[in-house]
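Chain IDs A, B, C, D and E follow the sequence of writing; residue 1 opens each chain.
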Amino acid sequence: MSVLLDYLLEILQGLGTTLSLFVIALVIGFVLASAVAAFQIRFPGIVARSIWSLMFCIRGVPLLLILYVVYYGFPLLPFIRETVLWTVFASPYWCAIICLAFVEMAFTSEIIRGAYYQTPREQVEAARSLGLSGFQTFRVAILPAMLRNGFAPYTTEVILLCKSTALAFTITVMDLMGYANEIRARTLDIYHPLLIAGCIYICIVVITRLILSTLFNLVAVGGTAPEDRA
Amino acid sequence: MIDYLASGWGLQFLSAIGTSLTVAALGFFFCILIGILCTLFARSGFRGSAGLVSLYTYVFRSLPDILLLILIFYTLDGAIQALLHLVPGMSGVRLSAYVPAVISTSIVLGAYATELFRAGWADIPQGQHEAGRSLGFTTLQSLVLIILPQVYRKIIPHLGSLCLISLKETALLSIIGIPDIVRTASIGARSTGAPFVFYGIAIAIFVIFAILCSRIFAHLEQRVRQDRAGAR
Amino acid sequence: ARDLVLANEGGFPPYNMTKADGTLEGFDIDIGMSICKIIGANCTWVTNEWSGIIPALMARKFDVIIGGMGITDERRKTVVFSEPYARTYSFFGVVEGKELDVTPKGLAGKIVGVQQGTTNAKFIEANYPDTKLQLYPSMDTLTADLKIGRVDAVFGDVEPFTGDKGDGPKLVEIGEPVAVSEGIGMAFRPDDISLRDEFNKALGQMKSDGTWKTLSEKWGIPVYE
Amino acid sequence: MSAAASIPMPDKGPIAMNDTSHTPAIEIVGMSKWFGSFHVLEDIDLKVKQGERIVVCGPSGSGKSTMIRCINGLEDFQRGRIVVHGQELRQRARALDDVRKKVGMVFQQFNLFPHLTVLENCTLAQRWVHKVPGSVAIDIAMQQLEKVRIPEQAQKYPGQLSGGQQQRVAIARSLCLRPSIMLFDEPTSSLDPEMVREVLDTMADLARDGMTIICVTHEMGFARGIADRIVFMDQGRIVEQAPPAEFFDAPREERTQRFLEQVVR
Amino acid sequence: MSAAASIPMPDKGPIAMNDTSHTPAIEIVGMSKWFGSFHVLEDIDLKVKQGERIVVCGPSGSGKSTMIRCINGLEDFQRGRIVVHGQELRQRARALDDVRKKVGMVFQQFNLFPHLTVLENCTLAQRWVHKVPGSVAIDIAMQQLEKVRIPEQAQKYPGQLSGGQQQRVAIARSLCLRPSIMLFDEPTSSLDPEMVREVLDTMADLARDGMTIICVTHEMGFARGIADRIVFMDQGRIVEQAPPAEFFDAPREERTQRFLEQVVR
């Protein structure tokens, strides 16, 4: 029993890293995704389509591979190795954040686009026929609908991101999974460290869901959060 | 790049692609099976069955896939081998690591598939079940002839992404030591000092597969949508 | 003849390495095959991820680990070891041309890379309190990062450096070698004691007929007397 | 009546009914049903003769749908009995399947199978439930589609048809199983006004052919023209039943009068 | 008429119209519209006087919705002209916004903003478009909500109201902008029969107040009671226009007769 407690305490050293990976990648990813989605919606055309294709490719490649490319491949590029960029890419932690945010951008931009195109046309027309301007229409008819439509898929995506942070240990980041793995390699005990880490991850997910639905209810008055099947 | 491929890495990659695709295909197949069975079980009306299935999907979709894969892989690996050891005459038989790899991938993906089928099923109007009953179909007939085809129609686009996820999931097996595409690429990258060639090939394989996947499922969707063409 | 399955990681030069065609080579492989010939067994090789290699042995996925495994008390709780078939010394390794003071004071604040779960990691942790440890899942990822420059030095068994054939800057050892383990041994399941004894006998025979020395020299491994 | 109900009856389809024509087609006695603690149907008594055409009406939530769903075994009930062509419904499973083969049902929402063509919708149950060979099933289906006047739509999917056409397919689909009783639950209420007529005409055809019909509807014109008897329900009870002339022109109950004022505008 | 259309007109709201009462409220001349290659509206001519009440009817797909959406600038058109209160619609942007301020529109699907309360739905456009101060906007909104007889629902969200109540809120929301013309597109056709009446009553109130109204509807009773003129469309053309008495009792065109047979049962 006391062994398990020791494990728990050791693994918990990685909690801060896991959480900061998660939150920082989430924020950067969302900002980038909004920009990408807004560009695609606002300026449809060849550029937007190329961006879409790029996002599509990113979505098709496993995060693990992206991590390897960035961590082991990028340092061989002179313009990364020999410029200030190296201060960022030298750190496994920032490599992980960059990869996570990048993948998050690819998935979230599609969610935002999807939510935008699901906005009922009639709502927009109603706003227009009341004489509201383009921005006012966006504010009153489109944005709330996007929130409503995008909430469930975005929740799923946030949870996926949280789970993805666990891959950062493959590039030596000592997060929850990293410490669990170290114990595993040292003691050859596979189950206990992983089960303990698993419980912590479940707690994080439960709390994240709670925070998201609370936020949603704060922002989107006049209705409860749509059923979240995620 | 040709040099590397000719010097034996080409064959390595071919076998890695074979490994990844086989594991992905089997994983996809079994996770769908799990999805259907769990959905049926959840709807069977047994006490607590729905709760059990919810617990499975909730927990499995909250835990990092890599953590689950390692846990299930070693548990299964030990369990299967221990069982084999008990059977007289089988004690010398060694099971390849692929069996537990496929099973653990399927169980992890099964949680996603279950959620997909449950959602698709819930979207089928109650009237369809009732129409089936009032025409005298048995439960099994109504399931196979009426309900599942409609669930399939509803979830095709998601099946497409699930198929892609299956392949991406095999990348995680490289951490356990299965020689899949990612493992081959990273070993190659390190031992030749030409990472961009090897990682580039791996990325290309995944992108090609993603395109194929989206094409195939868009086509399937198209075929299914023909009944929506036209008026109303 | 009976069948035996031997296992290692397949990425720990010069003990074991994967060739481009997927087959294995290295000191472990040569030693293993020689023993198999002596005891008259039909041997095949498999590879397994390092951190899961002992559970896999216990799950009977294979019978012997011949994979450059250091003999430690922690491992003895689970498996039984053969007599050591190689001595390992651990060194600090750096990129050629780099000056580094490898005393605890000199390495304070520096980053040292070590393979996860090894005796080396424990050693650094115990003796270099102010050094930042970076843990790697395998030796080749570790050397890769040393060449890239993310770590100032690595601390590990000497052989992987000498066996490194990759491109880029050369790696050299600095400082005095430290013996952090009791040597390299082969691991067996505790219920396979008789197999272990057979292997020990074969090792003794190889020692006396000189095969063992020839192989050590072939792979550049310090001869164990 | 329980004596009559226990006589075993050969199942000869809707036409060869002469020898049993004094057996009521449907007999509901003292039937009550609860949803949890909510009493939806209270002590329902209803006897429907063979070939009789009943229209059921009443305010929303009065239990009309629930009642006819009970006749078809789609809902359970807790007290009383329902006898369909001499076969009691309480014993479960087998008997229920037998009853369902005799009773066709058409829903408000059509409930066609969207993934099958019109023809496949009509042949599916014949082939799987009644084990009719493929070509015979198609013949029967085309015959019924002609009866509802849309044989030319056989190869289309339900999604490609208008609401009225869909409802007629639903009727044909039921008829393919040669039921002796047809139940309709507001068959026209989710249709555009222009399509209501074509469905009502189809139903009138059926009525002329002597089919036993129970129909929930608010189309009072139709009720007046077709029904032998109108059953008015409110709050889970049958409040009044009478032939249409009497029902519309001299309703006995005050509740009925209020309802008629609202509906017949 | 083009002379009249070019007279600049002060915008004084619906009441102070006496000095311009000979300007038609709406004038559509030779308007045609295509969706791709499909000719939805062909050569539409329609003149609506101030305070006139027009009911538009016709079979599904005949272009009724498209026509009134053109009047409100929700759809573009390719040929002809539409003049609303002397202001031509062809010049884009600014002019369109001006026209929309004079023309209110109510849709079949209500289209209330689900995340705003009833009161917020009604004050939003006043505050953002007409820059009315908050408390005034609320006063006006409550006044209109009283007019449609649901002031007590002001704090609820649309999702908490019945269909009929929602539609009345939609009407109030439009009225808050004091339009001089109201367009209705099948305002009752997605309502349950029991709620149709309350919405029709609200519209009748408006008609009595002298509002210019164009309403697409199949409620023929309403049309007969309220309309000054009925416009019948088929296949993108206006087939017949006549006062209700004439339209229902002596339709000139054969197409109209066929339609009336179908609809008025």
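Basically, contacts are C-beta pairs under 8 Å (C-beta built on N, C-alpha and C of every residue); 3 or more make two chains touch, one makes a residue touch a chain.
Keep in mind that this is a model prediction, so the values were computed, not measured.
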Inquiry  = What are the mutual neighbours of chain C and chain E in this structure?
reply    = A
Task = Find the two chains joined by the most C-beta pairs in contact, please.
result = A-B
Inquiry  = Relative to chain A, which chain's C-alpha centre is the most remote?
reply    = D
Ask   = Which one of the chains is farthest from chain E, going by Cα centres?
value = C
Query = For the sequence-identical pair chain D and chain E, what is the superposition rotation angle on Cα atoms, to the nearest 5 degrees?
reply = 175
Message = Need the CA-centroid distance for the pair chain D / chain E, whole Å please.
response = 41
Inquiry  = Distance between chain C and chain D based on Cα centroids, please, to the nearest Å.
reply    = 81
Query = Which whole number of Å gives the spacing of the CA centres of chain A and chain D?
reply = 54
Two or more partner chains touched - positions in chain A = 72, 76, 170, 190
Request  = Could you list which residues of chain C touch at least two other chains?
outcome  = 52, 55, 137, 141, 144
Key: chain D residues counted as touching two or more neighbouring chains   = none
Query = In their shared complex, at which residues does chain C touch chain A?
reply = 50-52, 54-55, 74-75, 78, 116-118, 121-122, 134-137, 141, 144-145, 148-150
Ask   = For the complex, which residues does chain B have touching chain D?
value = 125, 127-128, 130-131, 133-137, 141, 145-146, 149-150, 153, 224, 226-232
Inquiry  = Please output the residues of chain A touching chain C within their complex, sorted ascending.
reply    = 72, 75-76, 90, 92, 170, 172, 174, 178, 181-182, 184-188, 190
Inquiry  = Could you list, by residue number, the parts of chain A that touch chain E in their complex?
reply    = 120, 122-123, 125-133, 136, 140-141, 144, 148, 220-223
Query = Which of the residues in chain C end up touching chain B in this complex?
reply = 3, 5, 11, 18-22, 47-49, 52, 55-56, 58-62, 137, 140-141, 144, 165-168
